[in-house]
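One chain, subunit A, appears in both complexes that follow, with subunit B as partner in the first and subunit C in the second.
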Partner chain A sequence: MQRRSTLNSLGLQVSFERRAEIGTRFSISVTLGMLILAFLVSGLIFQLLGFSAPQIYRSFFTTLTSAIMLEEVFRRSTPIILAAIGLCYSYRMGFWNIGAEGQLYLGMIAATGVVILQKAGIGLGEELLLPAVAAASMLAGGVWSLIPALLRIKFGANEIITTLMLNYTAILLADYLIHGPWKDPAGYGFAQTVAFPASSKFMIPGVSEAITYLMIVGVITALTYLVFRFTVFGFESRVLGLNIFASRYAGVPTASTLLRGVFISGALAGLAGLIVVSGLIGRMRPGASPGYGYHAIIASMLGGLYPPAVFMSSILFGMLLTGGDLLQAGIQMPKSGVEIIMALIFLATIVAEFVKRYRIRVLRLGRGVVA
Partner chain B sequence: MDRGAEKSGHSPSPSPKVEMRGIVKRFPGVLANDNVDFTIYEGEVHALLGENGAGKTTLMNILYGIYTPDSGTIRVRGVPVKLRSPRDAIKLGIGMVHQDFRLIEAHTVVENVFLNHRELGFVPNWRSLESRLEELASNYGWKLNPRARVGGLSPGEKQQVELLKLLVRGADILLLDEPTSVLTPIETRMLFKTMRRMVEDGKSVVLITHKLSEALSVSDRITVMRRGRVVLTRPTSEVTIEELSIAMVGTQIEGVVSRARGEQGEKEPILKISNLSVMGDSGVLAVRDVNLTVYRGEILCIAGVSGNGQVELVEAITGLRKPLRGKIILNGLDIAGASPRRLFELGLSYIPPEGKKWGIVPELSIYENVALRVIRRQPYSRLGMIKWESIIKTAQRVVTEFRVDASSVKARAGSLSGGNVQRLILGRELTTSNPLLLVAAYPTKGLDIAATEQVKRILLGLRDEKVGILMVSEDLDEVLELSDRIAVMYGGRIVGVIKRSEASAEVLGSMMSRGVPVSAAA
Partner chain C sequence: MTFEAFSIAEAILASAISAGTIYLIASVGECFTERAGVINLGLEGIMAMGAITSFLVTLAYGHLVAILSAALIGGLLGLLHAFLTVSLRLNQIAVGLAITWLGLGLSGFMGAPEVARDLLRALNPNVPSHLAELKQAPRLPDLRLGPLAETPIIGRAFFSQNVLVYAGVALAILLWFVLFKTKWGLSLRSVGENPALADSAGVNIYLVRYLAVMVGSALAGVAGAYLYIGYQPFWVEDLTRSRGFIALSLVILASWSPLRAIAAAYLFGGVEALQFRIPLRGFGAETPQLVMMLPYVITILTLIAISLASRGRIPAPAALGKPYSREE
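Let's look at the complex of A and B:
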């Protein structure tokens, strides 16, 4: 397979040849190399904007040096890991779900709803509050994600567009509830809902909040790894994502496999929403998520949809968010600074995929290979 | 088709517009064009006829500058040229319409036609461009609204837009790649009228097709290609349909040694198809009222020029396409509409066409591909949990017994050669089930000689084990070599089923090219 573009004016010709085999080690080195490149380029941009790049790099590494900072990194990584692991299910089936953010918001909304009912005396009781909010948030996120899946199955609607649009719908719905019917009457007029009681939080006695979360997401990551490695469902969803023709031939039940996988994606994003409102910020507020659902997209891609690697790359995003907060306080670097880095990481991921697949050669017309 | 009725009487003028000499083009593993000579004269419709994969499109892509030939020369109006890109070709007045349209659906007709045209300028004068377009269109009797969105046009109209794109750029050598494949019969007739009109204006048209009747009804000259070579070039008026069909599909029919089993005792039907009709992708009936029986221990070959409903028939039998009506009885059970997985469990194995596309997942390992069809069955999985050890064991058996040449069963299936992919598919289908019926679609296509022979041996071995085999092939030599009986498909119908011993060039040729059943031909 060969593609060509001609740079006639330079007398150069660039050709891309598909690689037959992509080795694991090669693949990892390309990704890491591109990641480093993304950091270097963002450093250059910051330097040009008048910030000190070494100082910025340093503060990202500071986040790993103290226990308190590390806990913050883990706390902020948690929703990203959950949503990103969830996205592995969608992406491995070839369902380009970019709706984790909206599914996360639905999780927040459902959990808040349960808490409000509980406070109004309609509920299952204090000791069942945690299972109730967990079930509600996962169900809400899951059902929300089924909408684009059904639209694709029934009408062939492009899920990239429908999931994206449903993000805005979810965020606006959350804003309406926060400013309107669900506004905390005792909140001094602030746009926020009631606080989540302690009984709605994940807590393992004797360990800190961050470690509790880390254990939960660790288990979910391991389970996901096992699902893809050892279950018929995991195998069939991979087949479905890789080759729609072969999966029809092999008799993979396309619609039900797709619905199940997408539901799991949404449910995990919904659970991420619960952790945000019950743990990270304690209640629902406008802009409760700084875009965890979008960070998760990049993290899952960067991790190559391989659960342990997705876990690691999500932690990197937790680091960036925490480091970004430090920089904002320390050197008044705007919040968007971190977003520049994230965007460059995303670009680096895409370029890395390309470099893995194609061998790039530059030919001088009429002569041999230049590089 | 009203042959000759639309043709102008004049013979092509002797000045060649295009002369291609000794064109060679090699792709990895295939010699797509093997020393091809091809000439286009002024004022002629030249049909380039051949089976899929004969090298027609490659040859025309070379003339259009998409591929550069490995060797050979091209002269346009007597001048030697080097075509590096379609832009070079268009400058010389050569234009090509591809099988799949390359239009922007959201744009209007006029926007599509003048896209990147030098007359567009910075601020386009749409009104004048529109009127130019209308004038050109009316010249060919087309009713195209220049302001209509292309997305809303019929396939026939889209094709007119493609043609207009070439005409406004002054193309007078038009290469049309399978232009009728998306058209209705009426649109086809319209297109042929247009083509005759174009050559009256002194243009030249190359019609790439695999349909004999089209070539005969509209062309002035016909060139037949087979396996990368030109086997025949002659004026249309001097060639018979039999000559063409034999040139297209095969050579000396009598030279092929049959490996058929000979007469059998009692016959036990394994597959009975009655009144089966199947819809094609374009919404036209692709299979029409087919009746067919396959017996145990025989190879029934479906022969015919490709595109006559073979693929749709096979897809309906194997559960990949829902039949419109009719019955498919496998071993006494009506299986019409059953899923591929259920059919596999009932003893129907299937070798799909284009193994790499349909039969395997190239990104997965060999053992994962072996698991593809049986993953839900014990001992390969239990309660949804996969037992990889037993799959790997089976995969190792497949690899050894069917001689799949791989470093290990953990190698990626995509790294295998075509022959190895085919042996892997066959091995999987035969090792993981005991088929009663094997449906094989183009099982040796694209394979080298050794791999082809291995596949043939496997099929013959199965036949000896009393498996019924339904095979589709466009290689007549292969059909004659393997089959016990031959069914010919034409226009979605089975036009006749003959015994191998009754097969002759005349009988097969007339059935394949005109759909004349054997009784009428004899």
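Let's look at the complex of A and C:
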């Protein structure tokens, strides 16, 4: 298949030929090449806006040079990995779930609710607190994600708009609870809930917090890889759209496959929310997530919806967030700087799809063309 | 009715029209873009860029230049969108989201006090650059249309607003006329309905789509400028608060007609006006978050209502979202 776009007036013809086969090695090099390009363009933008690009690059590199920094990178990556692996389930079906951020907030809300009940003496007991908060956060995230799925199935409502609207709704609900009924009475007037007790945290004896999280998300990544590879469900969702950039019009998933996949997405985002409130910051606060649910979208697509690659891309994003904190403290770079880099990475991912699919040829029409 | 009820109705109506104009300018432009078969999910980010541009340029050179610059920035982002989706035929959803995130990130960065200060100094060294740190710019003045502005209840809403409010209505009528009463508009709509047929009839699909996306994006930039200098002239992070995405769903509510977009936009302007009025009457005065959910919840309910009313046959342009190429 061939297609042309005409630049005939310039005496040039650009034609795009679809590649018959896309090799894995070629695919990876294109993605890495585009990633480097995204970093170069970000550097250029920062330089133009008055910040030193080399200093910015150095800060990101610094995050890999010490054990303490690496721990922080892994901690920040954890919610992104969970949400991003979850999103793969949605995206493989061509369901544009932009709602991980809201599902993550629902996870935080449910977990906090369970902790508040526990402190009021209504609970399953101290030793069952961790399973209880985990189940509550996953259930809440999953159910929240079913709303846009059902709206799409029953009313054909565009899931991009509904998931975005539900994100704002969830964040406002969290804000309401933090400022209102769930405000910690012993919190010196700060807008925050009670702290999560140690029994609600994931802990493996003798292992640091970051390594504990890495082991948990590693297992979930591996399980997802196996589900995609070897189960009927994985096969069904693969048929529906291996590649979200191309699959929008490729096929419509059956309602039950869609609901199952989207529920898993939401449940994993909910679990990410639990880790944020129980581990990363210890309690619910306004703006508890700096946008992990959005970072996860880009990470899952950068990883091509392939679980091991999604894991690696999420760690890159954890690195960007940690480096961004260093830059904010060091050279007062606004925190949205990291968002610019992430947006450019996303743009690069999309363009990489094009480069992988097509071979570009520039032909000269006729003779005597003056350059 | 008592005098108090009169004045409340008058105030609510006026702020409904005022807030509705943000949606109106953006969704009228998006109607135009989508009629040519391209969906622009970058609206949100383009609005944010229009807003930050208008903030800085208003301080440097005044309102007129600010509005034009916002349109220019919007048009350029539209050019990027069109290049990626029309020429390279990349997925319109993905490209739109990328532009949205780029716009939100860049505008947040440019609005940070230290960056805004430097940018203002670069734009016009004669203006004291600390003005950028105050995050405020002069608001567009209201134009009172003579004695009409004194009309009870509707006077303030319809005849005593700033120039962009009137321009929004004029634009809706103009674009409706272009789309449905001119040969050019017929070509544009044919590109959105059946591009292969339009192509064989000699319409330049690429040119039409580039223009449609750029016009729509330029208007999204102006909508952002209006949001800042016409509605809420104080810069905060996430100023747009998903209004670009709400404008996208209003295009569906307006069934792709710029004229119906006027009603849809003012309706949502009304929702926004209520959102600020309800806490004043007591409910949610301490914690207004539940009331602030209104626009988002109502957007979802609207999508459901549209689906029920149209029995699943939403009259979208047939080729919406699909890239065009002659060979495939």
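One rule holds in what follows: the second predicted complex is superposed on the first by the 338 of 371 C-alpha atoms of A that agree within 3 Å, B and C clash if a C-alpha of one lies under 4 Å from a C-alpha of the other, contacts with A are read in each partner's own complex, and residues count from 1 in each chain.
The working rule: a contact is a pair of C-beta atoms (placed from the backbone, for glycine too) under 8 Å apart; a residue touches a chain by one contact, two chains touch by 3 or more.
Keep in mind the model is a prediction, meaning the values are calculated, not measured.
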Touching partner for A:Lys119 - first (subunit B), second (subunit C), both, neither | neither
Which of the two partners, first being subunit B and second being subunit C, lies in contact with A:Ala157: first, second, both, or neither?
-> second
Chain touching more of subunit A, residue-wise (subunit B, subunit C) | C
Have a look at where A:Phe235 lands relative to subunit B and subunit C in the superposition and call it first, second, both or neither.
-> first
Set intersection of subunit A contacts, subunit C complex versus subunit B complex | 245-246, 248-249
Which positions of subunit C touch subunit A when the two form their complex?
-> 41, 84, 87-91, 93-95, 97-98, 101-102, 104-106, 108-110, 112, 114-115, 118-119, 206, 237, 241-242, 245-246, 248-249, 252, 286-287, 289-290, 292-293, 296-297, 299-300, 303-304, 307-308, 312, 314, 321-322, 325-328
Residue positions on subunit A within touch of subunit B in the complex are 6, 20-21, 230-233, 235-236, 238-239, 242-243, 245-251
Spell out the part of subunit B that touches subunit A in their complex, as residue ranges.
-> 84-85, 319-320, 339-342, 344, 350, 352, 357-364, 368, 371-373, 375-376, 381, 384-386, 388, 412, 414-415
In the complex, the residues of subunit A that touch subunit C are 1-5, 45, 49-50, 96, 98, 151, 154-158, 160-162, 164-166, 168-169, 172-173, 175-176, 179-180, 244-246, 248-249, 294, 297-298, 301, 332, 334, 336-340, 342-344, 346-347, 350-351, 353-354
